[in-house]
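Each of the next two complexes has subunit A plus one other chain: subunit B in the first, subunit C in the second.
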Partner chain A sequence: MTRIASRMSGVVVSGLGIVSPFGAGLKAFWTGLAAGTCAIRAATLVETDGFRSRIAAEVPGEAMAALPAARHRSRADRMALAAASEALADADLGACEREAAALVVGAVGGGMYEGESWYWREVRGEASSGRTRALRSILPFAHAETLGFRLRLHGPKETLVMACASGGASIAMGADLIHDGAVSTALVGGVDALTRICFMGFNSLRLLDPEPCRPFARDRRGMSIGEAAAFLVLEDAEQCRARGGRIYARLLGSGMSTDAHHVTAPHPEGEGMVRAMELALESAGLGPSEIGYVNAHGTGTLQNDRIEALALRRVFGDGGVLVSSTKSQVGHTMAAAGSVEAVATVLALQHGLLPPTANLVNPDPEIPFDCLAREARPAAVAAALSNSFGFGGQNVSLVFGRGEL
Partner chain B sequence: MQGPAVRGLGILLAEATTDGEAQPVWSLGRPAPRDERQRRASRECLLGLAAVEAMLDDEGAPREAIAGERTALVYATAGGYAASNRSFIEGSGRSIHFAYTAPAVVPAEVAIQFGITGPYAIFLGGPPATLRAIWHASILLDSGSCDRALVLAVETFEECADLYARGHRLAKRPLVEAAGCLWLEPGRGDLVFESRGASRRRPGHARARGAETFGCEPLVALDQWRRAPAPGPLVLTGVWRGEEARLVWSEAPSAHRRIAGTKPQSTVRMRPGIAVDERQA
Partner chain C sequence: MSARRVVVTGMGSVNACTAGGTEAVAEALDRMRSAIRPVTGFSAGGGASRLAAQVEDGVLAGLVGRDESRRLSRICQLTVAACRLAAHDANLAGGTALGIAVGTEHGDFRSSVEFATGFLERGPTGLSPMIFPNTVMNTMASVAAIALGARAPSITLNQPTVAGDLAIARGAALIRGGRAQAVVAGGVDEICEVVYRRLAEMGALSPMGGPGPEACRPHQVGHNGSILGEGATFVVLEEAEGARARGARILAELPSAAWGNVPAAPHGARPGRADRASPVCRLLRARRAAPPFSRCYGSGNGDPRVDDWECSLLERDLDGAQDRGLLPPTSLAPVFGQHAGLGALRFGAAALDVSRGAGRVLVHGIARGGCRTALVVAPPEP
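And now, the complex of A and B:
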């Protein structure tokens, strides 16, 4: 096997934290993922009357209730705070590393869940409390402010809003900050809570499946919306080893591209997707044959899955890699998706178990990949790739390698 | 890190007058769409496109000069998508407008219209986010990931003026709409980026903040610096919600200064919330 020194060979994942539709914490997430459980159920947080779909992957009420209380914080802020705290505790950083850590948050909805309520109540004159705190937390950069303040992170703080590629982009950006020597530690990830505007939007585009989504299935009808927060601690490898930190995985490379094609639709030939994957492989110093698993963007929409499969064929060849979609289990968690799926990919490498594509009964014959239907599969994979794509033709691919290599 | 050179800069700034205290929002209006595709684009998208055109005019460069994989596009905004979110919610969710609720659509429209397919990033926040965007663009140039980098910022306020009025602590000064695009190329000297919690008092820094342009502030300041008779080393400072960021160029970053003969996009009679260090102000 030819191995070229990775551009990011010095960046490792040393901590993970997540709040997902499986509940709060890494254990709940991996247990649900490995079992092939689907957490998409009847929506309770938003009014779904008249919508094509009335289901969603919500963080369970009891899990939210168990999160530490945080006055005046949005639902998304609370999820982010819990996931980020878990990741930092998991990494067991020293005080200095923690204080100087960069914070890169991928976000889109911000505190819109509360903002929508405020809007209709206050602006439409249904009631008036005179309180404008909701306006302060509605903006997506409120997450970084909350995390920075509550977790005492004094390094650079960045908020990336790259639609559904935000979570993946935050990881790539954090790794760049370490690689470029700006910081030696970065807390990176994404967060999004369920909102009515999201339901309205994807409903209007007729992209929601009335049943739990079935990525890569012949009879797929669209996506399911979810919510989550997921964070990773990225560290300079030498620093992590020197302090005896645990190395979950190495972040070997990343690739980002834009389609410059259409504001909502991907390029029909998957040009941008291919370029992101090729850039990620190039920066990792790996060839396609060295990737054993792809955690796909895999939304379950007709167009995304078809074009992503086409792009995968162009990079890996027919059937050249095992593929699955975490969105079949926890829905499309929007800005959090890239980081949720990065956590899934890292855990898959660590456990030697590839999470399945839930609800996949009738595989689409035009998608020439083994999409790990319904059951997790043991496989000692050395390197894996995670894809995230977003509105505006934004494409992010990340390559992770097993920690012990 | 090597400091980038400013090759071109286009600024659109709403005309605001010195009695602007009485008017909370100064609008840039809606640029005329060029084709049917642009007709359905949001106002912030059209302003983004116009800012890029203004930058090309400033440099006297054709559109092809910024097309392709070797051009990076980095976008920054604080509230440039609020209007689209509001109109989508109030319009009960028409599909054609949903995409425009995402801040990402402004640079996406620019990328589509100008054929820009290089590295791409979008930062959210006020002036510090735009300084980060310039820093990120500089890293991309320094690492050879691109040959040129565009930093775009757009801020609109008109459609949500009543909301901003309710959240008066978010915007204590009149809001002046702006859009700007900065063309950076590899330059000389060093560039240093600093970020920290904002100090309440900064002796020695005269910050005459007449109005707010949010994320456009650093680009407006850079434009004013370029118009100085003999601009020297530059320090750009941005403060936003308890955070302060600074970009320090060790040498003047204007490699291709073409100010003479160019016209500002609008007459600025009220000094916007600029962030130029007093040594340059």
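And now, the complex of A and C:
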């Protein structure tokens, strides 16, 4: 493999936007995160009778109702449009920078929630309405089409489907476009609304905890499903400085790898995870000791947390870094998770406050890291790493550095 | 821009016309015999759309092992078979430097329907944990990575009409950016009953609710929609120096690739819409000083709005005097049917043309919704 040292040293984060189970907007997200709040509650959007888990982290109804996007759009499209618009407004780009921006969207469920509603009614012989509209936005690419059209973006447009690593991959690959000189601005991020298929699927795999998930806990029993949209504006650093843009953080490096081991299970030694983290550190030009915080993939399943901890040990050594899981607060937001957690990591660097792992009462003694149980911790960290792993053995690690150094 | 150059060293395809590596694809392209026939395997419904280009199950059965045919969904079998053919064609081994880029429009929709139907018929006990992973669209890339031992990034791009083209452009970018030394890139789709019937009902297929006969006639008078095809086609892209060092056969080079957005409403087409800020527009205008293209393959598939949009974009961006003979662009849709593998077939055809001395060839694409692609295929630099 070719050495890719410092491939991203000139890419900065200049805008953020999010719709999360804490509500719409960056302020609501950070307030919830910093307070250690858990937004996982009884599920209202999907049928839960007969399932092992009956909870989820949903975007609150009042927040959805207040989103400016037209109600005929899918739930996921509305979330994506609100988060992407917030990120673009936050970056305060000029007209030319905005028009030429790339758009890289990580997605899995598309408008499946509305498609399922139609299919459920069809199979049950109930009257259906809005058939064409629901089906037209059912596939993941619908989000990029909506955003590209509504936001008038002319740059490269693509939809990445990389399971739970989609959001993280959208950031890495958007940054590649800037690094390669194809564009100087990229709107990147992920979106997933709750769907019945996802909720039922993870139930069928017995991977959902009946209680709000407890990543890194000895008594953890699985994950909690969530939904969200989160977008970041990435910019060429020189362009951002020249126009006087705000720099939230620098994207110092990224690593992507594939396990090529199993469709649903990670490699038992965490080989692909280790390689993604090492590639990210190498591309950032940093050693493990220079990373002060890891925002873990941290799903709360027995296998993920055990193997991710093993991989972290191989990279950082026992206890070598502070670790927490945002999923303990907003659930596993699927394709959005990587970008939600990237936003959390960037805000943690900016505020000098590391978000906690909620619900962590009995830490697993086999996980030799301080996992920031239940309370956020002040820490002036210079660089942090965010992990995203997904079905298909897809691994993405991102390294962010503080904006002002 | 990076100095890493990208070359084409092999291809593999399982489509309605043929299955095999470079030679099989070349033979099918030389014959140009359409595989479009009346749909088999399910009822096309009572509408006016009844045709498709389908892969015979017997062909697929000969390309995957008994265990894989039992374990993998049909679209995953198509993907694994074509990727293996491509890797074998290029004499390429797996490892941490080999990546995968899969383009698809519909993914494994058949599995999503099967999974949901299990619940609707039998409740929670009807849910199959074996089928659920297939409902996530990256399942094809995942099984291909396992089959080839490809441990560099494996990515899946979801996109109508130009998914294969986009996967090749992104695959090349993975190599140029140093994330992989070689990438097996292309596209795959399968025809399943639910998708076929709903698209027909929505007027998305020929004859699009009109009175004309059902047919795939890109850029012709009376063009009235596309006809679905299915299959998987993948090419092997490699970093040029590495390919030469291992003695690989080099068919062509991919000196530049670009993709961009021409803002149009979702599923819409906007002929005449300007996209001056688009990287595709910039690439085509910047190359006016370069040697002319000898040929242009396009994504025109019989959908009148897409056909007309593509021609208007190319007329505007190509050098009229130099490239007048390129329009309308050559479409392979009447032979193979519209599916995500078609973009890789267009690219493969261009690589074969170049290997036979055709000079520079443009592979262009535009999809409803505005995703536009351009791949420049040229003889390898010495």
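Basically, the second predicted complex is superposed on the first by the 390 of 405 C-alpha atoms of A that agree within 3 Å, B and C clash if a C-alpha of one lies under 4 Å from a C-alpha of the other, contacts with A are read in each partner's own complex, and residues count from 1 in each chain.
Just so it is clear, contacts are C-beta pairs under 8 Å (C-beta built on N, C-alpha and C of every residue); 3 or more make two chains touch, one makes a residue touch a chain.
As the structure is a computational prediction, the values presented were derived from the model and not from experiment.
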{"item": "Fit or clash - subunit C, subunit B, common subunit A", "value": "clash"}
{"item": "Subunit A residues touched - subunit C or subunit B, whichever exceeds", "value": "C"}
{"item": "Touched partner set for A:248, first subunit B, second subunit C, both or neither", "value": "neither"}
{"item": "Touched partner set for A:390, first subunit B, second subunit C, both or neither", "value": "both"}
{"item": "First, second, both or neither for A:261, with subunit B first and subunit C second", "value": "both"}
{"item": "First (subunit B), second (subunit C), both or neither touched by A:140", "value": "both"}
{"item": "Which superposed partner A:152 touches (first subunit B, second subunit C, both, neither)", "value": "second"}
{"item": "Touching partner for A:369 - first (subunit B), second (subunit C), both, neither", "value": "neither"}
{"item": "Those residues of subunit A which subunit B touches in one complex and subunit C touches in the other", "value": "107-108, 112, 116, 119, 123, 132, 135-136, 139-141, 145, 154-163, 169, 173, 176, 180, 182, 197, 200-206, 256-264, 272, 275, 390-394"}
{"item": "In the complex, subunit C residues that touch subunit A", "value": "1-2, 4, 94, 96-97, 99-100, 105-107, 112-113, 115-117, 119-120, 123-124, 127-129, 132-133, 135-139, 141-143, 145-146, 148-160, 166, 170, 173, 176-181, 198, 202, 239, 258-268, 275-279, 369-371"}
{"item": "Sites on subunit A touched by subunit B in the complex", "value": "107-108, 112, 116, 119, 122-123, 132, 135-136, 139-141, 145, 154-163, 169, 173, 176, 180, 182, 197, 200-206, 256-264, 272, 275, 390-394"}
{"item": "Of subunit A, residues touching subunit C in the complex", "value": "1-4, 7, 50-51, 96, 99-100, 103, 107-108, 112, 116, 119-120, 123-124, 132, 135-137, 139-142, 145-146, 148-149, 152-163, 169, 173, 176-177, 179-183, 196-197, 200-206, 256-264, 272, 275, 390-394"}
{"item": "Subunit B to subunit A touching residues, read off their complex", "value": "1, 69, 73, 78-79, 85, 88-89, 92-95, 98-105, 107-109, 111-112, 114-125, 129, 132, 136, 139, 143, 162-163, 166-170, 193, 195-197, 241-243"}
